[in-house]
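Read through the structures below before going on.
In the two complexes that follow, chain A is the common piece, with chain B as its partner first and chain C second.
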Partner chain A sequence: MGVSINLSKDDKVLTIKISGRFDFSMHNDFRNAYKDNNLSNGVYVIDLKDTEYMDSSALGMLLLLKEYSSTNSSKIKIVHASAEIREILDIASFDKLFLID
Partner chain B sequence: MDKKIILIVDDDIANRLVLRALIKAAGFDYIEAENGREAVDIALSSPVDIILLDVMMPVMDGYEAAELIKRDSSTFIPIIFLTAITDEKLLAKCIESGGDDFLTKPYNHILLRAKITSMLRISELYKKIDNQNNELNAHNLRVQQEISLAKNLFENVLSHEMHQGGTGLRYSMSSMSIFNGDMILAARNVTDGLNILISDFTGHGLSAAIGSLPVADIFYAMTRKGFSFADTLSEINNKLKLLLPTEMFMAAAFISVDRDNNVVTVVNAGLPNIYMYRNCGIIKEFKSTNIPLGIISTRNDSFDSEMESLEYGDRLFAATDGVMEAENEQGELFGSHRIVNNILAVKNAEDIFDTVLGDCLEYSQGVEQSDDITLLELCHKKDVEYGIAEQDALPSINPAQWSMQFSLDINSLRTFDIIPYIMQGVNGLQSIPNGRSTIQTILTEIFSNALDHGVLGLDSRIKNTPDGYMNFYQEKTHRLETYCEGNIQIILSHELREMGGGVLTIHIVDSGAGFDFSKIDYSIENNRSYSGRGLTLIRHLCKESHFIGKGNAFIAVYEWE
Partner chain C sequence: MPETEIINMKNIVIGLILSILVVVYAYVYQGLKFGIIEVAIIIVSWLFLMLSLVRQSKKNQLEENENSRKVSFQAVKELAEESSKQYDSVTKELSDVIANTNKLKTIILDAVNGLSSSFSVLAQQSSEQEAIVKDLINVLDDSAKNEDENQSGFVEETRDILEYFVENVTEVSRGGMTMVYTVDDIEKQMDDVNRLLTDIGVIANQTNLLALNAAIEAARAGEAGRGFAVVADEVRSLSKNSNILNDKIRNVVDNSKLNIEKAKSLVGEIASRDMSVAMQHKVRVDEMLNNLSEQDKFVDGKLSDIKYVTMKVEESVSTAVRSLQFEDIARQLCDQMNKHAELVNKNMQNGKLAIDSFKAGDISIDDFVGVLKRFNEDMSLTATQAVSIHSTTSSQDDMDEGDIELF
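On to the complex of A and B.
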């Protein structure tokens, strides 16, 4: 349960992995995950492999990251979303805002 | 800090003297009582911090006194029993009757002082909790009052023009859902159909609802003025983008029923599928194809919309994700498949709404819902009835003589809906009792005639099939985007009549090739087909109306009293 992070050796790829429910309770952990690690021209990889559920406040958190990433010219990639989570992302048309694998 | 007051209760004067000396030496004040009755009276009427209570006394014994004090005192007063009893059962009774501690006589003075100090510490803790509780209660009360005030405000704004029943609209929202950001807005459009906005803000609680007031404001004002859904949605979106913090947005669907052409237009921006029901089946799912509102800036052409022709009896079902995500006691979600199953299983279409709602509520019974349950049904009825929330009272302006002229080139025609602006101009200049919607209808019909058949050269025979309107609309959109020439001029002039009232003349000229208008059939038969109703309608509403020149100009004269 929670947020785990992994920063690549070249400081270019920050992987944020969310386990369990991705909802408002993750707010602080998720924000700290990207604010504590400086990227520049890098990629934020949001790994949803172990995410069971995602609500609209999680979508809001992704928007916050998007805003933040534009200040350091980094990209965002969402990976390993299950079919259920993919549906939530699709309903919100987030594929128009994020790169979703 | 004030000196602590200790109540000494003993019928034996010698015992009281000993205790008095001890308490004085320890730096406390004291009050004395000779029996339980006196002790109760004092404890309940004057400030006492701790009670040293003997057990065996005349009038009322210590057990009974302790019980009464603990029952009736509004604060926590620690009671230490001082007794010669050594029987364990009786000592236990001291605690059961409400005592907090006991000390057997003859007592150790140091031990007694220590017990008093420790009891005072506990009573301080109690007082702290008590104060916090009081503060919390006062705060809760204030919040309750504020919520009921805000609820009132929201209801006043949002219930405005909410037509139900006669218009085919039915909906259910949980009572506090407004505060959790769910909203349904409905208003009558120029075709006598409804424009509906069903929406769900991110997050929960009052903060999720802040956006609903400006949204309602824009929706009602722009629908009333006759703006298209694209303009209205774009305006709402840009307002929310400005207003809401980054992480907040509004998932919404816009549904507009055009009763002139029997077509429904749906824009789904982040809501679950909207189901269209006909003849015991789901004939269409309107999926979300747009980013929810308030996330990115948009123009009025940025929204994907879908159209479908309507038959009488068709029903649309829309819900916020609270319905899909209603949980049962096993933590499983209600899900869209249960809605679909319900819609398909019900024999009588009239019962679908109640069945879906009932099933969802039953499913989630006993579980606190994280989201609100908002469900909406819109039935396309042959006849609609609206409530009295009709034309807004406009300030009375004396009739006058005026004229105004508009010229639109192809770029303006492509990007801009002129009718609402003309209507604003007319309304600002002239109060025409009961004429507003008639003039708007005339203008809309004449203008779309000039644009569709004049500038764009579309053949209205495309519309001669049930699906024709959609083909027509697609072709219209295509030509609007690709044509690089064309213009329309509109001149409105108003004159007074000697017997009161006035005459409004609308003159419109388009850049099209014109046509032979001598062969137009205005008869009732023509009115039954899929096109041509516009002209018949204009003839009916106007004193005079006809094509002029080579068929690329039209004059309509409207008289009012």
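On to the complex of A and C.
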């Protein structure tokens, strides 16, 4: 449960993995995950493999990450989303804003 | 035994006795030596004997012929009688056949007239029905199109609303989270303020200590330090006031932190919206779109079914009307049957006339045979005519080849 972080050795890929519910309770950990590790021209990988639930605050957090990533010219990639989570991302047209695998 | 045979027997006996007498005479008087006269007598007597035998057998044959002639003439007469009766019955049956054929013609004509009039009505009603169905199909098509437009318009609207709703929710969440993060920053700044206040408190306490030291030094200086002691007192009270102020500020900051915390959780609540409602609506919209296209398919299918059935009814009516042409063929067949029967009847009547003449003794048996031969020829000629009559009608047997003729 929570947010786990993994930064690649070349400081280019920051993997943020969210386990359990991706909701408002995650807001500090999620923000700290990218604020504490500076990337430049890198990729933020949001791993939703163990994410069971997602609400609109998670969508808001992802949008804020997008705003933040534009300040350091990095990209965002959302991976391993379940069918239900994928549906939520599709409804919000996130497939037009993010790379979703 | 007939008289002629007795005479013949007598001749044979005379011939035999004469021959024996000649042989005995030759034996007794000449020692079995036969002269020309003796041989001639024997030969003549035997010739006479054979001649009478031949005459006898010829006569017998003639008699037999005469007898058998009598018998066969009688049989022919009986046969002629029998034939005459049968000719009568055949003629009667043929008349019945002709009458029945005419009745059949009438029945078929009546039935066909009834059938054709009802099929004409059916054809008319079928085309009327087709027109109605076509109208109905057009109306249904139009209303289906309108309904489709209405429904698809509604679905489009719903989809737009849903998109707008989701966009709004996402935007609110984004704004809310921005606010939350800002408030987080403010909270941290509040902590900074608290730390600064602590620093100020330390300075105030140090000021207080300094003022205390100054007061002590002023007391030690005596009268000369009295003025300074007043200043030191004022500084002490200033540092105490400063501490009081510091505490008040700390209180305000702490209260602010509580309020900010409340605001944060409120904003967090606003930002946290369950997306499952939107998902359910999206599923509903997709279902509606599916249902719409399925309904379209269903209606289209049924409409083409109706068109097909109407077409089939028309075809069947046409086939039925065409099939009614059998009356024409049946009528021709009846006519030809009658013609044939009349021919046969005529032949029969000729035959009967000949028989009657023969019975009455007007014509000889030889003439009668000639008449019978002609009768047979006429009958086989009639059979040939019947074959040609049949071949002309059989060419019309296939009604499908004929043109459609409405009665």
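Keep in mind that, in the parts below, the second predicted complex is superposed on the first by the 101 of 101 C-alpha atoms of A that agree within 3 Å, B and C clash if a C-alpha of one lies under 4 Å from a C-alpha of the other, contacts with A are read in each partner's own complex, and residues count from 1 in each chain.
The rule we apply is simple: contacts are C-beta pairs under 8 Å (C-beta built on N, C-alpha and C of every residue); 3 or more make two chains touch, one makes a residue touch a chain.
What you see is a predicted model, and the numbers here were worked out from it, not measured in a lab.
Per the definitions stated earlier, placing chain B and chain C onto a shared chain A by superposition produces a clash between them.
In the superposition on chain A, A:28 makes contact with chain C only, not with chain B. In the superposition on chain A, contact is made by A:96 with chain B only, not with chain C. Applying the stated contact rule after C-alpha superposition, one finds that A:54 touches chain C and leaves chain B untouched. By the document's definition of touching, both partners, chain B and chain C, reach A:63. Legend: residue contacts after superposition of the two complexes on their common chain; A:10 is shown touching neither chain B nor chain C. Note on the chain A alignment: of 307-315, 415-423 or 523-531, the part of chain B that runs into chain C is 307-315. Counting contacts by the rule stated earlier, residues 24, 55-57, 59-61, 63-64, 91-93 of chain A appear in both its interface with chain B and its interface with chain C.
Taken in their complex, chain C has these residues touching chain A: 162-163, 166-167, 169-170, 172-178, 180-181, 184, 268-269, 271-275, 278-279, 282. Across the interface of their complex, chain A is touched by residues 200, 202-203, 246-249, 251, 269-272, 287-292, 295-296, 321, 325, 370 of chain B. Of all residues in chain A, only 24, 55-57, 59-61, 63-64, 67, 90-94, 96-97 touch chain B in the complex they form. Those residues of chain A that touch chain C in the shared complex are 23-24, 27-28, 31, 54-57, 59-61, 63-64, 84, 87-88, 91-93.
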